[in-house]
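So the structure is just underneath, and the comments pick up after that.
Lettered A, B and C in written order, each chain numbered from 1.
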Amino acid sequence: MSLTLKSRLAALFLLGSVFAVCAHATGITGAGSSFVYPVLSKWSVVFNQKTGHQINYQSIGSGGGIAQIKAGTVDFGASDAPLSAEDLGKFGLGQFPVVIGGIVPVVNVEGIGAGKLRLSGPVLAEIFMGKIKTWNDPALAQLNPGLKLPASAIFVVHRSDGSGTSYNFTNYLGKVSGEWQKSIGFGTSVPWPVGVGGKGNEGVSAYVKQIKNSIGYVEYAYALQNKMAYTQMENATGRFLQPSNAAFAAAAATADWAQAKDFNLIMTNAPGASAWPITATTWAIMYKTPKNAAQSKVTFAFFKWAFEHGQPQALALDYVPLPDTLVKQIEAYWHTQFKS
Amino acid sequence: MNAGAATPTQDRGRQRRRALSSMLGWIASGLAFVLLAFALLDILHTVFVRGFAALNLQLFLTPTSGIAGGLLNAIEGSALITFGALLLAVPIGVLGGIYVSEFGREYFARAVRFIADVLVGVPSIVFGLFGYLTMVTALGWHFSLAAGCITLAMMIAPYILRTTELALRGVSGELREAGYALGASQANLVLRVLLRECAPRVLTGILLAMAISMGETAPLIYTVNWSNYYWNGHLTHESVAYLTYVIWSFINEPFSSAHALAYAAALLITLFVLLITLLARLSLSRLEVRRSS
Amino acid sequence: MRPGDALFRVIVTAFAALIPLILLALLAFLVHDSWPALRFNGIEFFTRNAWNLGNQYGNPVTVRGEQVMPGASFAILFLIVGTLASSLIALLLAVPLGVGAAVFLAEAVPPRIRTYASLLVELLASVPSVVFGLWGYVVLIPFLSRHVYPHMARWLGFIPFFGPPSGSGYGLLTAGIVLALMCVPLIAANLREAIENTPQELREAGLAVGATRFEVVRKIVLPRLRLPLIGVSTLALGRALGETMAVLMISGNALNILPQNIYSPISTMASFMVSQLDSALQDPTNMAIYGIAEIGLALLLLSLLVNALARLLVPRSLSA
């Protein structure tokens, strides 16, 4: 009798210590968007040094990440576009923004340096539709009275591969141009009516640098690193803005998150006065009632740390950390929606 | 000539026109040649000038690192892939070529010959897709050296088969008859006598296959992908680097350090392929001269 | 037959049998892996311009018995047009150039330097495709787009499809030009050999009745070579259809649009397969990969057809 009791106690002790070890250094898995891969991996390294927990993130694309979190094979998914309320409800998922990036048009025109050219949404859409064909078109001249624009053709460069960058860029064009929305629409890959296709941000930049009098669109970090001539954009309030981390953060802060259930809002054309009109974010997707409470808790700890202390790493990689107002909204969302 | 006999003036006029059109004809064909030669020289000039400008000792000592660095991992990887492909393709091609040449009148031999010719013309990307679907995905090897080697081997084996067959067929019939008359077995005859006789041509075929294999990109994109590191000894589950990938993807980066690597890689590959092809063609023509004399 | 001979025969036959096995494996696996796409796409695959992976952020749905992302469709009319148009232009340029160069090399160049002179044309065939693409990207396209196409569009604009806009240089005509350069050596080498092998008596007969040397070539030597020319041109067509890297780097990578003139960007079946691989790998339903497999299958069947035709017309040795 005592033997059985002793062995039972021993077994319990062993199990408990195993659990303790597990709980002490949990391995979290995530998968999805490649846009956030650099910053997530940097954050996970630092978080690991501080707490011993391991975050393992695989950049297999947003679609793959969504599929995996729905199947429950990862602890969180990361997507460049928000899931619909219907989708979230069906699977019992919640989502929240993680980090912000800006998308900027870049040009290669002689004499026009970074931040000189002014563009408005409708004009940008018409350029990419092939309706505005030359640089000295009256629409462009009107926006840029002091600038000398050449009489040559505009060469458009877009993405040949599917991407979240294209998704947000075309979403913006659809918001500012009814014709774009009707005839082309938005998505990771659209039937671009004009222009050549480059592969990845690198491909677009390479083409823009190579082709004189061309225009393309890339992530802001890319334009900075490659010293490209990005343009100013007119935002929803009619102001012309230079792209900057502050402008992207302003877009994130002033976007109408309060009305968007589960942060289901694409931030393009945000209404703030200092908001950059083509700003994008990536959402983390997790189960509201987690399969494994301990893992879920560590995941939230990771994101909380990243929001409150991970700004230096994000900025170093040219990402924009979430503004405080948004972080507060997200943390409130966690408390009300997620059961941990 | 024809019934309406012309006057001397008409005759001279026609002759002048014919002389003129013949001269134009020579000029046109000469221009065609010059245009093509110019294109080749311009390509070589571009590759050599920009490639040499980008060459430095570091290229041969360090691996690529993102968008800069050296080419050592790519050189190593290209060599490994080609070596592996040849290792698999040469036995198949040479032995298969022996079959098609020595048993050439059989139905199966004719079928193999036809299929080999047709396979030589299949786009390399199709082989790459096949390699991806079977080895990378279905067999679970992921992007790997083995998948790349096997895919390239499938591509060049038919080529080696045909060049071996042609080399063997070029050996005179008398040698064969003499061999059989002396009671040699077929194996002995082929392996010891015939192959030795046409070994230079067989080797030339293998060299050309090596040049083709070093210059391939698309099938490797589908089966090997890319690695910034040296080969770590694994045949599966690990990628390697290769020079042709550098040419394609690094010129597509907006960084001049990447462009420099692309030109240097283009120089290395083009030099290698060109030297092999020159060697092969010139030795083949010298063999022709020796045979006909 | 000695026992050693029997073993020898078995071994060499077995190795030779691997070649048909390769062809069978290609066909079998490509058919098997494009089957879901074949079922999903139907005949529309060839008739519409709609390559769309669907909403990558949505839920997979089942359409026509297959799992795809909502809104997905895979139709490649623009690829077929791009492939055929670029190969056609390539042939239209390569055949006259090849015949001209072959005539010049065979008739006008002294035999001693002929080997070296013909190398200047034949070496074009051994330049790797990706190096052609590099040269096109850094040298040819800036030159054509700045100095040739604008003038062509202006002066030749009356010909349909030759008018403005003259584009950025990345497009159909550039692809045709580079493909022509890659295919010309095949035509030139074959034809040169055939011209050299023309019986001397025929030439002498022509000269005897007063024809000029060029007329002898044009009216006596070349007409005999019509069939071999067609055969080797078909071989060249086969090569042009399957070229990947060079076209990928210089054709502009159009998506779902047909070229509006000869300067417009295009995509070919082969170049599209490479440019879309990364995106296709991210489709969780894998239908995009099956779609690419279907393109590969179409390309394989097309090249088999063209190459078989060529080999039937030119039953001789292989020329690389």
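Everything below uses one rule, namely that contacts are C-beta pairs under 8 Å (C-beta built on N, C-alpha and C of every residue); 3 or more make two chains touch, one makes a residue touch a chain.
Just so we're clear, the structure is a prediction, and the values are computed from it rather than from any experiment.
Colleague: Taking each chain's centre as the average of its Cα atoms, which is closest to the average over all protein Cα atoms shown?
Modeller: Here the chain at the core of the arrangement is C.
Colleague: When I count C-beta pairs in contact, which pair ends up with more: B-C or A-C?
Modeller: When the contacts at B-C and A-C are counted, B-C has more.
Colleague: Roughly how many whole angstrom separate the Cα centroids of subunit A and subunit B?
Modeller: 45
Colleague: Just curious, how far off is subunit C from subunit B if you go by their C-alpha centres, in Å?
Modeller: Here the centre of subunit C sits 16 Å away from the centre of subunit B.
Colleague: Counting only Cα atoms for the centres, state how far subunit A is from subunit C in Å.
Modeller: 40
Colleague: What are the residues of subunit A that contact at least two other chains?
Modeller: Residues 198-199 of subunit A each touch two or more of the other chains.
Colleague: Considering subunit C alone, which of its residues make contact with at least two other chains?
Modeller: 137
Colleague: Residues of subunit B touching 2+ other chains?
Modeller: Where subunit B meets two or more other chains at a single residue, that happens at 251-252.
Colleague: Going by the contact rule at the top, pick out the subunit C residues touching subunit A in the complex.
Modeller: Residues in contact with subunit A: 49, 52-53, 55-60, 69, 71, 137, 142, 165-170, 252-257, 265, 275-276, 278-279, 281-284.
Colleague: Show which residues of subunit B lie in contact with subunit A when the two form their complex.
Modeller: Going by the criterion above, the answer is residues 251-255.
Colleague: Of all residues in subunit C, which touch subunit B in the complex?
Modeller: 2, 4-5, 7-9, 11-13, 15-20, 22-23, 25-26, 29-30, 33, 96-101, 103-105, 108, 115, 117, 119-124, 126-135, 137-139, 181, 184, 188, 212-215, 217-218, 235, 238-239, 241-245, 248-249, 270, 273-274, 277, 289, 292-293, 296, 299-300, 303-304, 306-308, 310-311, 317-318, 320
Colleague: Give every residue of subunit A touching subunit B within the complex, in rising order.
Modeller: Touch list, subunit A to subunit B: 198-199, 202-203, 205-206, 208-209, 226, 228.
Colleague: Within their complex, state which residues of subunit A touch subunit C.
Modeller: The contact residues of subunit A facing subunit C are 60-64, 66-67, 70, 79-84, 87, 90, 133, 153, 155, 160-163, 187-189, 191-193, 195-200, 210-211, 214.
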